[in-house]
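Next come two complexes built around chain A: one with chain B, the other with chain C.
And then the complex of A and B:
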């Protein structure tokens, strides 16, 4: 880093009363102080401008108890964070059997083995500065535990609210789904001001488990979110991720999925929508450590204005991970000539009997398709919206919860209609509604 | 309905249409025939509003308005319809959704209320039957995975739904087998009416066995070199295009 960053994280909070957490926290703090913020010289951060993070002073978020009424899923188990802390009073009687939801600080006492075996083991502080930063900041988050065989018929809806300007939050969640469990989880990161969210989520997917995970970042154009998601998938388990970020000064997700048991399967979908001077990055690592696993990555970005989107997708296949089937596709749609998209597939294959495919494209809306729609009476701006939504459709359709899918489609539509995201020659926006995609 | 006066069109600096005069009245069916490269599809594209073509001189009046000053979507809303020679596949956009959006755009322009999903479905079923279009195709994305014949039927189906004033069929017969040709032609014939006009662009006579034109024009090297009735098409079928000279001035001495 050429000059000292303006953002100096505040580590002043008292050491954690629980020894496990205190030890983890102080190690992480030491590690962060060694690492500092990543620089452009760091290969994994070469294409990310950290200025939105380092050029502001963000204060540690004050404890807040009130939250604005945000959007939550109907019929879900709702867990609400406000500024790092879980504020939902979890009604134990309301929880489906087999589900434990508890603050990490209580879990350290009640479920020490779970904490010891997983927390900080999946998201590693050694080479990830933002994970170190999060881990150093008190570990106030939540543990979600699904006992073996738990079949959740209601989704878990975790909402992380960061409320206020010039503050930073470090939400932390550990999800452990034991053997044979089945669940759907939604995480939504909401920021209402010029704030920074540095979340870390760790997910352990046990043998024969099926976990469907959706992550939405809903911050405004002044806010940033630099998050990390680390997952292990055990044998014959399925982990499905749909991740979407709609704007933000800097929205970055570092996603790591380790396939650690034979027959594990993962599908990772991502959608980034940026405009203005926004930056969106998905940095994905899928590590095939054992034979006979499958992985699919489908990442899409839509860019307006002078925005930038980066996708880096690394597929690692260990030496004995034979019969691996790994696929990756990344596509970017440039809706402005000033936007820049980078798609970087990276393959590290040490086994010989594998199938790995990757493809990446950067393009614009198909002019033939655009003319076809216009020649049927649909105005240019609506036609561009329809085609953009079609571009994102594959990712949208992968979202398992209908309410989330249509809400995201509506948000996309609304965002695509904003003046700051339009070409200069576009005309007044017609009302569009894509809730009913009618496919 | 439509009047072209001395229309000159160029693309990339080379002139394709070199002075077209054509008048199409309400209810008339005009066939435009001609060899490959004569400018038939250029004519269709210019009328539909493709922006890559440059009109270098001349004018086009559509229902009394200067057509060249309005954009493609407004032309469509005012009742101009192009059945594409090569309908594009649009993955991710449902056929039904697309067509309802189009219909409601047209209706809004006409000051009519939008059609709701249920009424639209009814309309779609009815119109799909006109061209014997398999309704299951409508659940797919626009033209995605359609055969050549299905794409052409879909064009005529869209025409039936949108009910244009002037329809331009650009080589709708190409790639159709005999049965499909008959079905598509019957669809077109069922839409003929005293206040709807057609321009049928085709290379071959055979489509005109089914859709009987009022007038036939021969386009060669960017000019209309011959105009006549239906019998002209039959003569072209028998004699080809070579006997027609591309320079109309020479015809007098022939």
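And then the complex of A and C:
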């Protein structure tokens, strides 16, 4: 066992105004103190080096304003947090009736029943140290409630900024979409320094509801983000997730989707791009608890430098969950001989009338495809960039918001190192039928 | 030969009924005198085992080193199996038929009778097509045949104890070279207390003229059996080795922690086949079955090949990952497996393919069948080291579920450190489709026949890798799984 971690979380937070929050917080603190940070002896954390988190002292984030205006989604409903404090609240007049979007801190007074009934119900503090850590803190973040039948016609953009060095933030999102509701949500975690973000998101998708969720982690190479996302999907509801992380010292997402109502459907896409000494991990559990549900997982990772990417994806099919159709594919692209990819797809199946498949590949760019492009006068690095974009395309194309999709494609191109002047986008389209990159 | 892999309908129907209704047929106990150590394990026991076998001092020290290391280790808890904790002090670590025998004539008639019941009568073995059998009865090999014929080729095929006496240099050189005594909890235990096993050495350039075979049979209640097998194929040598097991019915769990080490030097080829049918425990309660915690591993030199084929149908708990370390350039590793869990059986099995050399290739074909309340897990590792340029792996793990109370799980681990690697993994889980049954019914086949046919078809890729005798046995053993699946 490693020596005592340098990072000692500060639990001296102001007492929560609501008793329920105070109780939840202190329970989580006790739990975290019992659990401590996960060790590599823990199977779920065996492949994650927590050094970027534990070998560093992070202080609670001070109040701050963001120096550079971050990117926000055009024509969207926007709620912004900086260092665990809400900075732009939503004008209620902007929202259709039945839609509530507010900071958790103010919701304690205005919507106590929502918090009481939902907060901390999905994210498990019992076996997830980082969820316990988040819950033990300020419990500030966004509360989204969609009353039955409401339709949020504009996308919702939740932005969590973490600004400064040597600080830690604990964003918390709670989304409750009731029967027949419909919404598109973008959740972005932005960090500009050597900081740690520990977000927890809980999503309850009610019957016949359709929720589209995009989760972006945009931090620099010194920052880390260790987050969790817990979702329940009720009968005949659809939950779509597109998750992307472009770099970071340690970027890990523990995603759990429980299909709890018959006919529920979920599609989970993930893209991890790491280079240098970065580490990217997606740890996914899809739990089919009832019959007739479908799930699809598509996870891709692109590795450069001495980086490491880990995908662990488990499909659980409960004893009575007959007629389950679960698919999973995980692919890793190694662009360097020093990078390491781990793919651990797992199936745990207790019902007999099911269809479960997983496929996993690890490899490098196809030399023949590379040759094809180079034979047409495209230089090596541009050609590699094109092929890498094509590799990521399946996940990019799944992103429901056009503006996010093209922004991500641009970021990807920039990260891959060749904005490429001579290479026209027209050509890309011809070669790869990758029209979505056109802006 | 052609008909072997086809399903004979009348045969299989009879077979079905036979298996569905039978008690475990190999569950009898032979009464013979045995010399058994009292239960318990300490350094004196380790020394006593070594002394009993008149082992040289280096081996005694090796055992003690393993024992001391074992004391520092914890029993692994990561396999997806559940069983009552084993009390290692309640096990007796040595049991041997009392008299040492010099020829077949001296073999206890009761033992010979036991083999007859198992269908491998020793005195008829010469008639068995080209198969030399080194029969292990409990911990000491009691008889070896065909030795002379093998000796002509310079092949050594004997019990492990004999090898220690007669070929100490070879044993010393290779023992623990593939599975070190520090490898894992059960390998360390085995290294300390291993009783006996088989030793095979194929000299350079020799192609073994017959298939070598060892039949294991666990006897004597409360005696863990700790075989140690060491198989060395020198440069350009070739050998096919068969291992098959049955065991008597018992009420107390019997621990079995074997270690098998294969060494394939440059351009050598080793094919190692196993049919395992130990007592799986009571159908309803799972009581009394064998705990099968085995470490099997081979190491490949340049351009050599190791192929594991296993049909696992017995044991209450199976914990087994036959592995290949592809150390030499252009070496090849293969793993073909059918694992079946019925009743209350639990299996956590798979393989590890560790690619170290350049241009190495590995293939993994795993078929898991779960029936009754069985829990079947595939757990495998494909690792491509940094220097293993152009490594290739293909893995396919298919599971079939029969009945609604069983489970099928897949836990592949893929770790790649070289970008030129091409690694593919596929897994599917399915049940026998109603449409498939309907199709067969329409053509006049009964549902039972259809199920037999489909299950055999499901496993065909693995069966075709088995030597003929085993393929027949394997198909019969699978019949057990079909019980209760029809209707």
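Quick note on the criterion: the second predicted complex is superposed on the first by the 412 of 439 C-alpha atoms of A that agree within 3 Å, B and C clash if a C-alpha of one lies under 4 Å from a C-alpha of the other, contacts with A are read in each partner's own complex, and residues count from 1 in each chain.
Keep in mind that, in the parts below, contacts are C-beta pairs under 8 Å (C-beta built on N, C-alpha and C of every residue); 3 or more make two chains touch, one makes a residue touch a chain.
The structure presented is a predicted model; accordingly, all values stated were derived computationally and were not measured.
When the two structures are aligned on the shared chain, A:372 is found in touch with chain B, with no touch to chain C.
In the superposition on chain A, A:387 contacts chain B only, with no contact to chain C. Once chain A of one complex is fitted onto chain A of the other, the partner contacts of A:355 are limited to chain C, with no touch recorded for chain B. By the touch criterion defined above, A:87 reaches neither chain B nor chain C.
When the two complexes are overlaid on their common chain A, residue A:337 makes contact with chain C while staying clear of chain B.
Contact comparison for chain A: of chain B and chain C, C touches the greater number of residues.
In the superposition on chain A, no residue of chain A contacts both chain B and chain C. Listing the residues of chain C that touch chain A in their complex gives 78, 384, 386, 399, 401-431. Against chain B, in their complex, chain A makes its touches with residues 366, 368-369, 371-380, 382-383, 386-387, 389-391, 393-394, 430, 436-439. Residues 43, 319-320, 322, 332, 334-364 of chain A touch chain C in their complex.
By the touch criterion given at the top, residues 48-50, 71-73, 75-77, 82, 84, 87-88, 90-94, 96-103, 105-106, 109, 117, 139-142, 158, 162 of chain B touch chain A in their complex.
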